[in-house]
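You will see two complexes here that share chain A, one where it goes with chain B and one where it goes with chain C.
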Partner chain A sequence: MGTIKKFKNYFSNIPMLGWLLGVFTAVLIEYYWGYDYISYYLGLPKIPALFGALFMLKDPYMIPGVMGYNLIVYIIPILLIAKITTFFTNPTAFILEKMPLWLSVIIHLICFYGILHLWAGINDYRALVVKLTMISIILTISINVINGYQGEFSCSHPGFMAIGAYISSVLTLLFFVDDKIFGAALLPSYLGPWIFPLTLIAGGFAASFGSLIVAIPSFRTRGDYLAIISLAFMFIIKSAIENIQFIGGARGMGGQPDYATLPVIFIWTMLCIWIIHNFVTSIMGKALNAVRDDEAASESMTVKTRKTKMTAFMFGAFWAGIAGGLFAHVLSYINPGTFSLTRLAEILAMVYFGGLNSIVGSIVGAVSISVLGEALRPLELYKWIIIPLILIFVMIFRPYGLISFKEINAKRLLRSKNKKEEGV
Partner chain B sequence: MKKITCLLIVSFAFAMVFSTSAFSARKTIIKIGINAPLTGDIPKVGEGSKFAAMMWLEDIEKAGGLEIGGKKYDVELVIEDNESKAESAVKANTKMITQDDVIAIVGPQSSSQAVPAGEVANKYKTVMISPWSTNPNTTLDRPYVFRGCFLDPFQGPVVSNFISDEFGLTKAAVLYDVAADYQKGLAEEFKKAWEKRHGAGSIVAYESFTTKDTDFSSQLTKIIKSGAEVLFAPQYYNEVPLVVQQAKELGWKGPIVGSDSWGSTETVQLCGEACYGLYFSTHYAAAGATGATKIFIDRYTDTYGYVPDDVAALTWDALRLAEQAIKDAGKITGRIEKDRQAVRDALAKIKNFAGITGNMTFTEEGDPIKCAVIVKINDKGEYEFFKSICP
Partner chain C sequence: MESLTELFTYILQNLINALQRGSFYAVISIGYSMVYGVLMLFNFAHGDIFMVGTYIGFAIATLFIALFAGFLPGPLIFVATVIVTMFLASWIGVFVEVAGYRPLRSAPRASAAITGLMIGIIFETGILIIVGAQRLKFPALMETVSYNVGGVYFTNVKIMIIVISLLLMLALHGFIQKSKWGMAMRAMSYDFLAVPLMGVSINIIAPLTFAVGAGLASVAGILYGQAYPILDPYMGVLLGWKAFVAAILGGRGSIKGAALAGYLLGFIEIFVATIFPSTLRDLIAYSIIILILTYKPRGFFGMEHSTKLRL
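Then we have the complex of A and B:
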């Protein structure tokens, strides 16, 4: 115990900027020497995509190689560089601290994105995993508004996602692509990436209008009953799409252009985190919590419960619609079967694993379930034993999820860690 | 603390030095990807694909590798689970192409995964052969995507003509799952072909249900009352027994005809005697097979304990096609993009490939021209060859 504490203490004076610099160095090392030198001499066939989990599980002989790779490429450079550069990262962080918080956050985010872009660019598989993980983050945060902050149990998220996915796909196919369903493109295709956000927003609005079907009964029912209504809504959407022939019915719809690139998804994810954070910390967000804790009491304390519930539902559904639109353009194919019970189970697992009532928790949940699902891929069937087991243990020991009812303070996270200056 | 660190470092160094893979040069290994639904809704299909692939690999290993241009190369299979989910199939394909450097991919089996996965394979210019997907969109406008089976627009008329010629009936009923694109597409093709031959209104009942329904009595009652003489039921192996048994209980007397989705051995195991004497169209017939087909069936049955279904046979053929194409490519340069292109060109040129599910020649679209087989379920519950219908 003592050594861990000492270890932690030793690295405690590194600001976020220092860590970012360390990771940046690690990624650079991987980028320039990863394939030709490091993985070659360690006997690995390629650069390990997800820290070597796939190699290790497939061939135990590669475990030392993978461990060595992770040590040489990630752990040692990150710790070393982060520690060495504290002499100037701390003062820089101090300067950033004096700036307005939003500016400092944006600078950090740009640095973070640069690193992420470089890291994901090494391998297309990695990029795809990162993209889908970020979409999961949007989904998880948006369901957290309903299931966490408002405390309902809504099961209609795949339905909202489907509406968003279909509406934005129809729009992009109609306007920018020559395809079999809608014929020639109505607008020149170079406009596509610029108008794509609008189609996403249209999908989001369509989803939030769809959510009214769930929101209105939610005035009268709570708990199990609402769960059933929202589940029914999901199935209604699925069957409706199956029976609408001109958007492909059960055959699905394909050929969406590749507009959902990594920067696009990253920007949407950050927007989502920022806007939802503002939403839940606003008066409306407090009202949501009040409705969750005691509806009658909050009504008597002048909270408009109807309006609150409706807004929360429409707001959550809007972001689910955005996520659906992004999802459709990452995969270039959607069919109604994609937005069904399995998807629901996945989303619910992410939000309950990560933690209710917490944006950070949602991010942790989405990332860990997505990455675990990918990393344990070689185990095939056993993957579906291990992940649920982890979920069960989390539920036993932390019934509200890993990080629940907690928010991270951006200012504290980004501040300079120099103890002398702290003392001043 | 120090002791532990030292020990760790020393043991780590030892492990590095003695591990077999360390410091060895990268060899050119030919990798073939298998994208199969090992978990999810239809695990039996994934199992069949995996077993067939393992048998194929065994053959190659026995021969000491794959001989290309006079040089033998080691072959490795990369088997990925697509969980019967579209995005998982896309992820699996992306992983196999960009991470594992596969030269060709066999799979996914179902159309709902094969259509999006084909997009990825085409984007990265890698050959993908879907053994079982019958949806036209899988290969449409995709030069790098091929398939190992016939399409719905061919199978529909085959079944329709078979019924008309063999039984001489004129009034048919169709029962299909509206949420399964395979069943829906095939039902439409059948209806079109039947009405073309017998005139409009000759399909007297066109009834649908949704996936996971287990009670078909209302649809079947309507069908029986409509005066239909034959029922076309293109269901999957898990639904066929329910449909057949319920139809018989409700007093259906006429024949019930199925499609290639009946092909699994599970159909008869679950259905029992109710299914004896029924017909379906498929890719190959296990009972009474001869030649290479029989050898394959016997070997598979010996190794895995049950008669291979059509998915296994088609996967086997798809792998042999890939093997042939790699051999025809002439040489392996080690530059994966170039090799993939060579394999694709070689595959498109293959003519009259003798597979165990029939001879194959690819069209421009990457679809094979091959014969369908009508199979009768005999009194022992075996799938007996009845008739072969060629385009």
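Then we have the complex of A and C:
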């Protein structure tokens, strides 16, 4: 315990900028020497995609190689560079601290995105995992608005996602793609990436109108009955899509153009985090918590419970629809079976693993469950024993999730760490 | 006149099918309802307990047929299979309670729901690993005989399924109303704070409830195996969720309501499938359920007192 504390203490004066610089160096090392030198001499067939989890699980003899790779490429450079460069990252962080918070956050995010782009650009699999993880983040935060902040147990998220996915797919196929179903493109295809956000928003609005079917019964009932209504809603959406033949029915729908690139998804994810954070810290967000904790008391304190519930559902569903649209354009193929019980279990696992009532918790939950799901892929079936077991243990020892009812202050996170004594 | 008789036989034919389908839903959804009555929690692993019960029934039935087929009469083998399977499957229920629900008794309800779901996934995967991807065929425990009464076709298996389900429900009713254990269960669902003070331990009643539910589900599994012999590790998911819907529709905690709603769900599904194209079955069935719950938010026999949902 003492060593860990000493270790943490030793690295405690590194600001976020320093860590970012360290990671940047690590990624650069991987980019230039990762394949030609490091993985070659360690006997790895190619650059390990997700920190070598796939190699390790496939072939135990590769464990030392993978460990060495992670040590050489990630751990040593990150710690070393981050520690060495404190002499100028701390003053820089101090300058940024003096700027308005939004500017400093945007500068950090641009740095972060640059690193992510390089890291994900090394192979396609990594890029796909990063994209799907960010979509999971949007989904998890948006379900947290309903299940965490508003306190319902809603199971309809795959349904909202399906609405968004189908509406935005239909719009992009209709306008920008020469398709068998919808005929020739109505608009020139170079406009596509620019109008794509509008199709996503259309999908989001459609999903939030759909959510009224669940929101209106929620005026009179809650808890298990609402869970059933939302579950029924999910099945209805799935069944309805299966029966509409011109969008493919049960066969699904393919050929969506590749508009959901990494920067697009990154911007949407950050927008989602920012807007939902503002929403839940606003008066309306506090009203959600009040309705969750005691409906009658909040009603008597002039909270309009009906309006609150409706807003929560529509808002959550809007972002689920956006996530669905992005999802459709990442995979370029969707079918109704994608948005069913398996997806529901996955989303619920993410939000309850990460923590209710917390955006940071949702991000942690989404990232850990998606990355864990990908990293354990070589185990095939056993993966579906390990992940549920982890979740059960989290539920037993931390019933509200890992990081619940907590937020991280962006200002504290980004400030310079020169004066150690100050921030206790 | 001619067409009227035809219509009548047509309805009667579908009635039998609906009763058969409803029997499965009713027997399974009773398990949900009983657990809710005692713990105020739903056992989300129940659908998968049903699935595991079916596999246990498969193993027992295969074993018994191999051992005794020569010299014991068929009905006796059937009864023996049912009893042994019920006994074994009820331990699955006890396991779920002890491993998944007991540590979470004071936790928020959603956490318990997630735990139940996850135990269900573990069961599915476990069965898939043990059995492999092959499709098993449930051995027929009795010879199928078809009857034709005035144009209505039915088999003895269908009749058996309907009759055994009804008998099971009657037996359960007797158990809950007449026996000491049943009285303890009813008391627990009436007030789970005061009853433990009277010397009734919830650590005995809760596993017992899970065990009875699992036993019922396993019998439903055997019957299901007689009607639809192909086994599949994911068979519990859809059936379980539908039975859960029935349990809610009947009013949580109400066993009578669960059974009735189970039959109602069977009727809705069969009659929707005969009137409309069968692909619309889920769409219409669930729309009806949303409508019912919008106008009767507590289900048919739901308790009036509101349980506040802590998250």
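By our rule, the second predicted complex is superposed on the first by the 419 of 424 C-alpha atoms of A that agree within 3 Å, B and C clash if a C-alpha of one lies under 4 Å from a C-alpha of the other, contacts with A are read in each partner's own complex, and residues count from 1 in each chain.
As a convention for this text, a residue touches a chain if its C-beta (ideal position, glycine included) is under 8 Å from a C-beta of that chain, and two chains touch if they have at least 3 such contacts.
The model shown is predicted, which means the values in this text are computed figures rather than measured ones.
Peer 1: With the two complexes superposed on chain A, say which partner A:231 touches: chain B (first), chain C (second), both, or neither.
Peer 2: So A:231 only meets chain C here.
Peer 1: Mind working out whether A:40 is in touch with chain B, chain C, both or neither, as first, second, both or neither?
Peer 2: first
Peer 1: Applying the document's definition of touch, where does A:242 land relative to chain B and chain C: first, second, both, or neither?
Peer 2: It touches chain B and chain C both.
Peer 1: Thinking of the overlay built on chain A, is A:337 touched by chain B (first), by chain C (second), by both, or by neither?
Peer 2: After superposition on chain A, A:337 lies in contact with chain B alone.
Peer 1: So, does A:124 touch the first partner chain B, the second partner chain C, both, or neither?
Peer 2: First partner only, chain B.
Peer 1: Using the touch definition from the top, say if A:381 reaches chain B (first), chain C (second), both or neither.
Peer 2: both
Peer 1: Check whether A:54 is in contact with chain B, with chain C, with both or with neither, and answer first, second, both or neither.
Peer 2: A:54 sits against chain B, while chain C stays out of touch.
Peer 1: Once the two structures are fitted together, what part of chain A is touched by chain B and by chain C alike?
Peer 2: In chain A, residues 238-239, 242-243, 381, 384 are touched by chain B and also by chain C.
Peer 1: Write out the stretch or stretches of chain B touching chain A in their complex.
Peer 2: Residues of chain B touching chain A: 1, 12, 15-16, 19-24, 26, 38-39, 80-81, 85-87, 90-92, 94-95, 97-101, 111-112, 115-116, 119, 124, 135, 137, 178-181, 184-185, 210.
Peer 1: Going by the contact rule at the top, pick out the chain A residues touching chain C in the complex.
Peer 2: For chain A paired with chain C, touching residues are 147-148, 151-153, 213, 216-217, 220-225, 227-229, 231-233, 235-236, 238-240, 242-243, 292, 294, 341, 345, 348-349, 352, 356, 381-382, 384-385, 388-389, 391-392, 395-396, 399-400.
Peer 1: Along chain C, where are the residues that touch chain A in the complex?
Peer 2: Within the complex, chain C contacts chain A at residues 42, 100, 103-104, 107-115, 117-119, 121-122, 124-126, 128-129, 237, 241, 244-245, 248-249, 252, 277, 279-283, 286-287, 289-290, 293-294, 297-299, 307-309, 311.
Peer 1: Where on chain A does chain B make contact in their complex?
Peer 2: Against chain B, chain A makes touches at 3, 40-46, 49, 54, 61-62, 64-65, 67-68, 123-125, 128-129, 132, 238-239, 242-243, 249-252, 254, 327, 331-338, 342, 374, 377, 380-381, 383-384.
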